[in-house]
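Next come the structures, one after another.
The two complexes that follow have subunit A in common; it is paired with subunit B in the first and with subunit C in the second.
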Partner chain A sequence: MISLRSLWSRLLSALLTLFVVSLIIFVIFQIIPGDAVLSRLGLDADPALEALLREELHLNVPPWQRYLLWLSGLFQGDLGNSLRFSRPVSAMIKDSLPNTVALATFSFVEVLALGLPLGLWLYTAEQESGRASFLRFWRRLAGTLLTVMVQLLLAIPVFALAIILMLVFGIWLQLLPISGYVAYNVNFPLFLRSLILPSLAISLPSVAMVVRYLLTSLREQGNQTYARTARSKGLSEEQTLKRHLLRNALIPVLTILGVILINTLGGSIVVEAAFGIPGIGQLLNTAIRGRDLPLVQGVSFYIALVVTMGYLLLDLLYLVVDPRMKRE
Partner chain B sequence: MLSSSVAASAIPTSLLRVINNVHKARLFCALVIVIALLGACTPQSPSVLPSSQPSSASSTVATVSQPKKAVVGIPQDLDSLDPHLSTATGTQEVMFNIFTGLVNTDVRGAIVPELAESWTISEDQLTYTFILRQGAVFHNGDPVRPQDVVYSYQRLRGQTGEHDSRLSSALDAVGEISFTLPNVVSLHLTRVDSSLLGKLLLPIIPEGSGPEQKDHPIGAGPFSFLSYTPGVGIRMVKHQGYYLPGQPYLDEVVFRICLDSNAAFLALQNGEIDILNVTKEQRDVLLNRAGIEVLATPQNMPQLMAFNLGYEPFADIRVRQAVNHAINKDLIIQMLAPGSQKLGTNFCEVMEFYAARGLEDTYPYDPQKARELLEEAGYSNLSFTLRVPSEYIFHLETAQLIQMQLNQVGVHMTIDPIPFDTWLDQVYTGFNHQATLIGLTGKLDPDAILGRFASNHRNNFMQYHNPEVDELLQMGRGTAIEAERAPYYKEIQTILAEEVPAVFIMDITLYRAVNSRLTGLLTYPIGYIDMKTVDLR
Partner chain C sequence: MSRRNPSLILGLTLLGLLSLLLISGFFVDDDSAYMNVAGQFEPPSLKHWLGTDKLGRDNYARIAIGARSSLSIGACSVLIGGALGSALGIVAAWYGGWLDLLLARLLDALKAIPNLLLALMIVTIFGSELPVMIATISLLAIPLYARMARAATLKLKTEDFIQWTRLIGIGIPRILLRHVLPNITGPLLVTASLGFAGAVLTEASLSYLGLGVPPPIPSWGRMLSEAPLFNAPWLALSNVVVLTLLVLGFNLLGDGLQQMLDDR
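Moving on, here comes the complex of A and B:
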């Protein structure tokens, strides 16, 4: 039973995590070399402009004071200003968020739409026996090919997958654009079109992961005694799967799906850079490279928030889906 | 307490009821997915054909009614839209299309009229009088008046109340700025500043427009600002009131930010990007490909392996000479950037008015000589670390070639790749290195190029101190007449070639790929992607 107290303690530990994350980032930034103003102005920095920026960005006060200022601002809902762009961090995150959320949603829908049916199909293909041997041979072959694909997708790095997708769909088939992200409020159909390749680059490895997990989980459940009972009382393989196995097998898959959604909502540095999508990942990339501490803090605060809250929700969802856990 | 616990447990049970009906829920999920996919797919298929048309239309002749558009790929985001608040070369090369100054540069680096039609310099070189061009207008339709010039310069000097201190040190020699209507502006200098004219590329903005510039830049350049999306790019359209007849030819220019160079190269080949700087490997790929030309031009960017003279072995000139003798610049150029100008000093020949010639073989490739010199200096087992900005593959590859060549004379060099932002802090400002490898961005003024060798220059990362050079630099600043200035700078170049505070390798040739549907792109000895002369073929 989810008691109010345990919920509170979970929330509290989530908040503590957020605080620790910000502290760690702050400490790291004090250690690593680099300077926000220098990297903003580059090789040809004008000393006058440099001095002005240091003054205007309050970089002349000691770092720990700046951190305390940032913390106190946080409690008032103010994430501070970016050192590189002289803009409020919250506004910059707000600008990037729709792009990452759109990409994450797109990818997640693809994971669901491809991963679950493929996993199921592979399992049934595996279970099949005694049908016409001709059909069986082709199903087996398709199943093997699919398994190889899944292995490949699990192994390939995302940046390579992005380039391959560009080569195939952009250069050879000339079907889809490879650069030139269009924001949703500029042209909606073009926006959807420009999301297809990047979302595939993100979702395909996850699809492979879901297929693998579902398959393993189904096999495991299929060997359980209750499955044998179900079969022996006369249920067909399909009925056993539908009525008994699937629901149990989906529980571990739910975890994976949750993790995938949480990860994609945190933005993808690689995919966003490759396809020029101004999302959270790209913002973080720019911020780290420019030693833009307030922006890094802001973005990682967002990511930490998504992760902690996401896992909290996932745990709650578990209790709902699997009543056995509630009893424990 | 009680009521809240009831509420908390009420939510899960209602949720539970919904999810308990797994069969229904599954059906519903499947339905949602199908609908979502259908919704996502339907707009795609019809739009595939029409929207891919612009790239395929590139081969056909553009009709008059079709807007003429070009897309330029740039490797980084802009640091600020406000022209007075940015100094990054990568931003300026874009924003020169929106902003203009009193003067401009031509392709050879000479100062030519822009918003000023002409100017005169007084006998004592302390008063510069500019006659503004008749008919020059800002993007908002207002004419360019002397007051706008005064406002722009005062803003840069921190005198408009908008900022607490000055934004630029470029106008430090300027005292009073006066104007006479309708079109005369005079700058009264407190001391002679020979590089002043070259600095007057500084953007002129409408009076009072300062605070708005960072959101909506307004200038008098050939293109006017349309929109900017951070991380995506900037769009600009033809400025109808630009003073040159017919120019610019294009109706719209998009500068698209491409953080991933491989992806950008694919987009270039796909026709989504028209203009992009490419590497030598990419150039080699494009050589066999119709439809994309590659321009190779000097970019006034000396690449050098700079010694830190504060590191003991390099304080000895014989060691520096030996390293110079050990490095085969011709081979490096041939392998990495064929066509680049070999250098012997920190000055590129593209700046023909000031360049001293024939210095590149002061210490020719001679491994035997290198060994002898090292022995003589007592450093026959020299080893040192070279810090290289890791983003620049070109510099890293150069470093690897140098490493091999030095190995042959018994010098052990370790390459330490560090991020450019770290480099700026550690090497460029902190002098925390033994040697480094970098390309220095192009400048129009010889003082801006050679001034970094002054003992008191804040970025004197070679730790080079030579009173003679300091004095020559002072003399060069003392006169604005080119013919009088040139000998001082040539002298400095000769000294640098002999004392070699660095191995001056080459003026890195820029490979700029241009889609063949475009024509008229010029290149300059400074970072400047000038789109006003570009037209469809």
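Moving on, here comes the complex of A and C:
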């Protein structure tokens, strides 16, 4: 059994983290010069209207009280209203969320579908040595190329990758659209098409990361004594891999997969901006540029929530997957 | 070096090439980076190695001059962020208690906010002039080094020889500077080489989003976002190559340094 006490302490520390995050963001935005009310209403605003808005934004009370008011609103599921759009922040997040979730799901499926098989293939290519030399040469060449690709993908900045993808698939080959995101409820096939390039821009570096982790992990497991035992009792390399190595090797890979999923669910400001996808990242970008404090606070809090809860769930998953953890 | 270390060699080679690019920036005709010396969107030629942009400015000159702000931001983030972060991490880990608890909490919380988000917020508020940009990115690098230094110091603290230094009565500042710091420089250098690349990327992302070092100073990220893919693909491609090789160089350097540490 997972000890209840460690579970509680983890939950508490996650809550504390969220509290500190909200504090940091609040403090940063207290420094903004200028007056939010006057910038919205104009300098010659009706004083009555001005007072009303000040009251609504709680600008008539000291900052610490404003923070507490925001916090108490949070517990009632009320993140306040956006300054520029005069809409509830929670509704705006709800509108953007499906697009980011769709992008994250797409990317994550690509990471799984490409990363795991490629990592496995590279490992087996590395292990095999007794084949005919002709085959060996091509396999080694492919292996080397793949390794170089992995290093390049780990290095290329996301927006640069986005541009390369647009250039190759959108402009030279004319296969896929480079902009014009279509919502899922408007036209489903077009929605799928419009997600391919953005999701690849997000997933390819993660694929490289998964390949690298899986390979390191498999190599490590392959040198363990139990692996040698398995081989010496007559199992083929493939059987050893399938029955013994893979399960153990996947445990560290799980972390990186979790981190990838958590990060994509937080939305990517850069990729969403590059492809014009109205998701969480775009919302945050507009919010920050418009100095729309309630919106920035709400969206960053959402991101922090996804990250902290994600890491918490990942910890729990570990306790389930790796029984050794329970003994601590 | 006891074993072959291709990562280190390749990494250093790439970074050497980039330094050449940086140095060549001081010899190119400055005007060609700012004024139109040719027709717009000229493809690469002997006169303009990497073509010209929409204002007829020489692309190579702009990339070479853009290297200055990118690399100075990277270097400052390593120097300032690295020094402050390591100091914070070492001191907190050494003294423990509420100071360490506070730092650990803060570092945890900062992990939940993407660096780019914080950078965006700070730059929106304070503007994006080069000094602000350097300060912002250096500040944001502090947690990276603090985390690393803290973990390494916590581990080191239990070692016998460190216990000895305390026992024979060496002053704490001396212990930290002469005995703790030299023993964690290895991991810190690995972190620094990744941190350098990370800082350059943060600046490039900001300027890609239009919030980087203001024009007319050439900036890699902005050049990339302004490059028209359709009529002048060489502009975007040359930028992508430079940025990728820079990050690749530092990644490989980090790998190589790590391998050197493991070999020891």
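Convention: the second predicted complex is superposed on the first by the 293 of 328 C-alpha atoms of A that agree within 3 Å, B and C clash if a C-alpha of one lies under 4 Å from a C-alpha of the other, contacts with A are read in each partner's own complex, and residues count from 1 in each chain.
By our rule, a contact is a pair of C-beta atoms (placed from the backbone, for glycine too) under 8 Å apart; a residue touches a chain by one contact, two chains touch by 3 or more.
Small disclaimer: the values here were computed from a predicted structure and weren't measured.
Look at A:Asn285: by the touch rule set out above, it reaches both subunit B and subunit C.
Of the two partner chains placed by superposition, only subunit C is touched by A:Ser13; subunit B is not.
In the superposition on chain A, no contact is made by A:Gly77 with either subunit B or subunit C. Considering which of subunit B and subunit C touches more of subunit A, the answer is B.
After overlaying the two complexes on the shared chain, residue contacts for A:Ser96 are found with subunit B alone; subunit C is out of touch. Using the contact criterion defined above for the overlaid structures, shared-chain residue A:Pro62 touches neither subunit B nor subunit C, since it reaches no partner. In the overlay built on the shared chain, the residue A:Gly266 is in contact with subunit C alone; subunit B does not reach it. Using the contact criterion defined above for the overlaid structures, shared-chain residue A:Ile24 touches subunit C, although it does not reach subunit B.
Contacts of A:Gln174 after superposition: subunit B is touched, whereas subunit C is not reached.
Contacts of A:Ile163 after superposition on the shared chain: both subunit B and subunit C are touched. Contacts of subunit A with subunit B, set against its contacts with subunit C after fitting on chain A, overlap at residues 32-33, 159, 163, 166-167, 170-171, 178, 273, 285, 289, 291. Subunit C makes touch with subunit A in their complex at residues 105-106, 108-114, 116-118, 120-122, 124-125, 197, 201, 204-205, 208-209, 221, 224-225, 227, 229-230, 233, 236-237, 239-240, 243-245, 247-248, 251-252. Across the complex, subunit B is touched by residues 1-4, 7, 32-35, 38-49, 51-52, 55-56, 84-86, 92, 95-96, 106, 109, 112-113, 159, 162-163, 166-167, 170-171, 174-181, 183, 188-190, 192-193, 196, 247, 273-278, 282-283, 285-286, 289-291, 316, 319-321, 323 of subunit A. Those residues of subunit A whose C-beta lies close enough to touch subunit C in the complex are 13, 16-18, 20-21, 24-25, 28-29, 31-33, 151-152, 154-160, 163-164, 166-167, 170-171, 178, 263, 266, 269-270, 273, 284-285, 288-289, 291, 296, 300, 303-304, 307-308.
Per the touch definition, subunit B reaches subunit A in the complex via residues 4-5, 8-9, 12, 15-16, 19, 22, 29, 33, 36-37, 40, 43-44, 47-48, 51-52, 71, 73, 77, 79-80, 85, 87-90, 158, 163-170, 214, 229-232, 256-260, 262-264, 266-267, 269-270, 272-273, 418-422, 424-426, 428-429, 440-441, 458.
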